[in-house]
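Dropping the structures in below, format is structure tokens.
Note that chain A is present in both complexes that follow, paired respectively with chain B and with chain C.
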Partner chain A sequence: STLTEPVSVTLARDARRVANNLQQIVVFNSNRNDPARTLRDWDLWGPFFFIIALSCILSSTASTNKSTVFAVVFAVLSAGAVSLTMNVVLLGGKLNFLQSLSVLGYCLFPLDIGAILCAAYSGKLYRSAMIFATLLWSSWSVYPFVSTAVRPSRKALAVYPVFLMYISMGLLVLA
Partner chain B sequence: MSGYSTIGGDVSGSVPAAAGADHVALQFQDSNLQTFPPTDARGKLTDTFSRPAEPEQFGWHGYFNLLSYRPYFNVDTSDVVQRVGDSLVPFKGDFVEKTATNPDMYGPFWICTTLIFVTAALGNFAAYLAHKTSSAGDTNWHYDINKVSWSAGLFYGYVGLLPLGLYFVLKYLGVATGLVQLWCLYGYSLFIFIPTSFLSVVPVEKFKWAVVAAAAGLSATFLALNLRTHIKTASERWFLIVCGCFVLQLGLGLLMKLYFFTVQFS
Partner chain C sequence: MAEEGQPQQNYSNPLTAFFHVVFKGSAIAFYILCSFFVSSFIIQFVVTVLLAALDFWVVKNVSGRILVGLRWWNEIDDQGESVWRFESLDQQSLERLNKKDTWLFWWTLYIAPGIWLALGLVALIKFNFDYLLIVGICLTLGVANIIGFTKCRRDAKKQIQSLASQVVTGHMASRLQNAFNF
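Moving on to the complex of A and B:
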């Protein structure tokens, strides 16, 4: 039945789903303690869009090597999301692979905002404060999802790589 | 036919019934065709590491199934912290003993990844600081993104390939080793380069050299002592191998210093 509908209807439905998921993950999550119920209606368009957006922004604001910057950022973000999920699964956690990719991608949204704002103004203190704030926001969104997926004795092992990736991205945006 | 002993002797023309003595049961020996990656490693470093019964579940496609690698991540936070602490004190030489029952790949992989990002970011920061303290802004400083890719190639390549090569060399010499143990050892030996990178940001050249030399020395000593306790008894050429690994680790430290933390004003 979805084959016969006009393109605008499909696009509108996908856009609404992305907005919904975004609101659920990043803004207000009513399921913070239950990662399985987070993002029941997960999709990969949102994460894809955010990764591309961050790569494009960083590439356009780079003074040299623009294409290398794009390639490195894109590769790090996508390979990072995959290896973070694999990390949780290997540590004995129970995660749906694509759902986890989806959550990690949505939690990039604050960094996107930070990158856009940093591209607009270039005072050093301002940029540092902005990046710091958006990093906190990203970490706050992603923490409950990852930490409840593994045993408590391994929580730090699962959470540390996530923070590593987001902090590295934050530093890349800052520079 | 008369010469034949009587195995159910006078049954003519038929296959003699299997007598008790002939009843050597066909015992199916455990197949030595180990296709499952982990169980290939036997010997001093591994014989206490018994795996849960996974090979029967996976067969040859265990290589491609993520879950078959789970036994290598069977560590808790406290285990990892303790192993990292052990790697900072190189003089005991018993790291491999301690990890023989439970070698993990979590440590090596994430220490390498952290090292990659840390050296790339701090290398750029060191260049930025040096740029600010010397030439007052006549050249434009920009973030060198190639540091990330070179750093990834260097560290993943070193920790990935060198233990593999060592494993083959030791196998050729007849020393029993486990590949995962070697990866574990090499991975944890790199941990000390992380605080080294933080200290190498200081723009004083002598200090940088001193710090890197100390860290490379400690790391190489850790590696060498641990390897020595294992291959000493098994081969006469152990000294050569251990020295080789020592020198290569020092070389890694040197390369790190020269590429990431040396600033050239061109």
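Moving on to the complex of A and C:
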């Protein structure tokens, strides 16, 4: 039982879970055909750090109103994740609320990388290319989870808003 | 971490109790005092929310286990349904827990979100919506722990009761057997 384990074991277990989730969702999914199984071990720490990171990066590169930018980005990302989940649920999809929050949060990781790279160098073409690439990566990661959760006829309805949110995030990073 | 064999008057897990309280307290204190020290809202936000998140983790994974012997988490089973899982120490260990520890644990668990609620009302009255965001997050984390541990405690009581009734029926069955064997 986990009641009597030392604290370091608990910490290590949670850290390993975040790393595992990150790898499974964003990099390479060993059970591509069964996304529900991948998400069995969801956690919200990863998404938490990624949202904060993205908000920090975007606000540090903003020329004016840094704190407003931060609060707005954070609020938009969280509200966006919540409403996207409601969208899937209302379309009759079978995705657990916290699970999908977890996935949407983890798929922000490529955008985080894109934002860091954009902050480093500010050539217009370079930035657009970076954002485009990371956007593709985000969308590619998130697609299997969302699409398998709803019926095939409703797939586009569920997937489209997700892409929209990531695209707008990408534009926000570009601007 | 074994409990020390100290008399019941003292805290038997002072380090854990300290950590249980320090993150909650510093989050609240930082939120209230931050405008005197730090001018950037971002730093205020990140530090407060980070402290609240750390407190959530510590309470859920460490002090809950050590101070009251309860643990809760959420799993998704094969059908995709979310299942609450609870773990609790057995009856004897539960009774051996230090009373001061448990008192501290439950009281601070309930009081901290209460304070956040009051702070949230203040922010609402002052129309500080970005501070309301901070309060909202800290409140959510606090309430999540309250719900989890209350459910866990209820489940533990139920388990103890069912175990007790099993023991009683087991006793009665063996006594009946003994009676019939003569």
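Here is the rule we go by: the second predicted complex is superposed on the first by the 163 of 175 C-alpha atoms of A that agree within 3 Å, B and C clash if a C-alpha of one lies under 4 Å from a C-alpha of the other, contacts with A are read in each partner's own complex, and residues count from 1 in each chain.
Operating definition for what follows: a contact is a pair of C-beta atoms (placed from the backbone, for glycine too) under 8 Å apart; a residue touches a chain by one contact, two chains touch by 3 or more.
All values derive from a computational prediction rather than experimental measurement.
Participant: For A:T64, using the defined touch cut-off, is the partner it touches chain B, chain C, both, or neither? Pick first, second, both or neither.
Facilitator: In the superposition, A:T64 touches chain B alone.
Participant: Have a look at where A:V76 lands relative to chain B and chain C in the superposition and call it first, second, both or neither.
Facilitator: A:V76 sits against chain B, while chain C stays out of touch.
Participant: Tell me which partner A:M86 touches in the superposition: chain B (first), chain C (second), both or neither.
Facilitator: first
Participant: Touch check for A:A129: first (chain B), second (chain C), both, or neither?
Facilitator: neither
Participant: After superposition on the shared chain, which partner residues are touched by A:A156: those of chain B (first), chain C (second), both, or neither?
Facilitator: first
Participant: In the superposed arrangement, which partner chain does A:V9 touch: chain B (first), chain C (second), both, or neither?
Facilitator: neither
Participant: Of the two partner chains, chain B (first) and chain C (second), which one does A:I52 touch, if any: first, second, both, or neither?
Facilitator: Only chain C; A:I52 stays clear of chain B.
Participant: Common interface residues of chain A with chain B and chain C?
Facilitator: 68
Participant: Show me the residue ranges of chain C that touch chain A in the complex, using the header's touch definition.
Facilitator: Going by the criterion above, the answer is residues 1, 40-42, 45-46, 49, 53, 57, 61-62, 65, 69, 71, 74-76, 80, 82, 87-89, 130, 133.
Participant: Chain B touches which residues of chain A in the complex?
Facilitator: So the residues of chain A touching chain B come out as 62-65, 68-69, 72, 76, 86-87, 89-92, 151, 153-157, 160-161, 164, 168, 171-172, 175.
Participant: For the complex, which residues does chain B have touching chain A?
Facilitator: The contact residues of chain B facing chain A are 66-67, 69-70, 72-78, 80, 106, 110, 113-114, 117, 121, 124, 140, 142-146, 148-149.
Participant: Spell out the residues on chain A that touch chain C in their complex, using ranges where they run on.
Facilitator: 1-4, 6-7, 10, 14, 36, 39-40, 42, 45, 48, 52, 55-56, 59, 66-68, 70-71, 74-75, 94-96, 98-99
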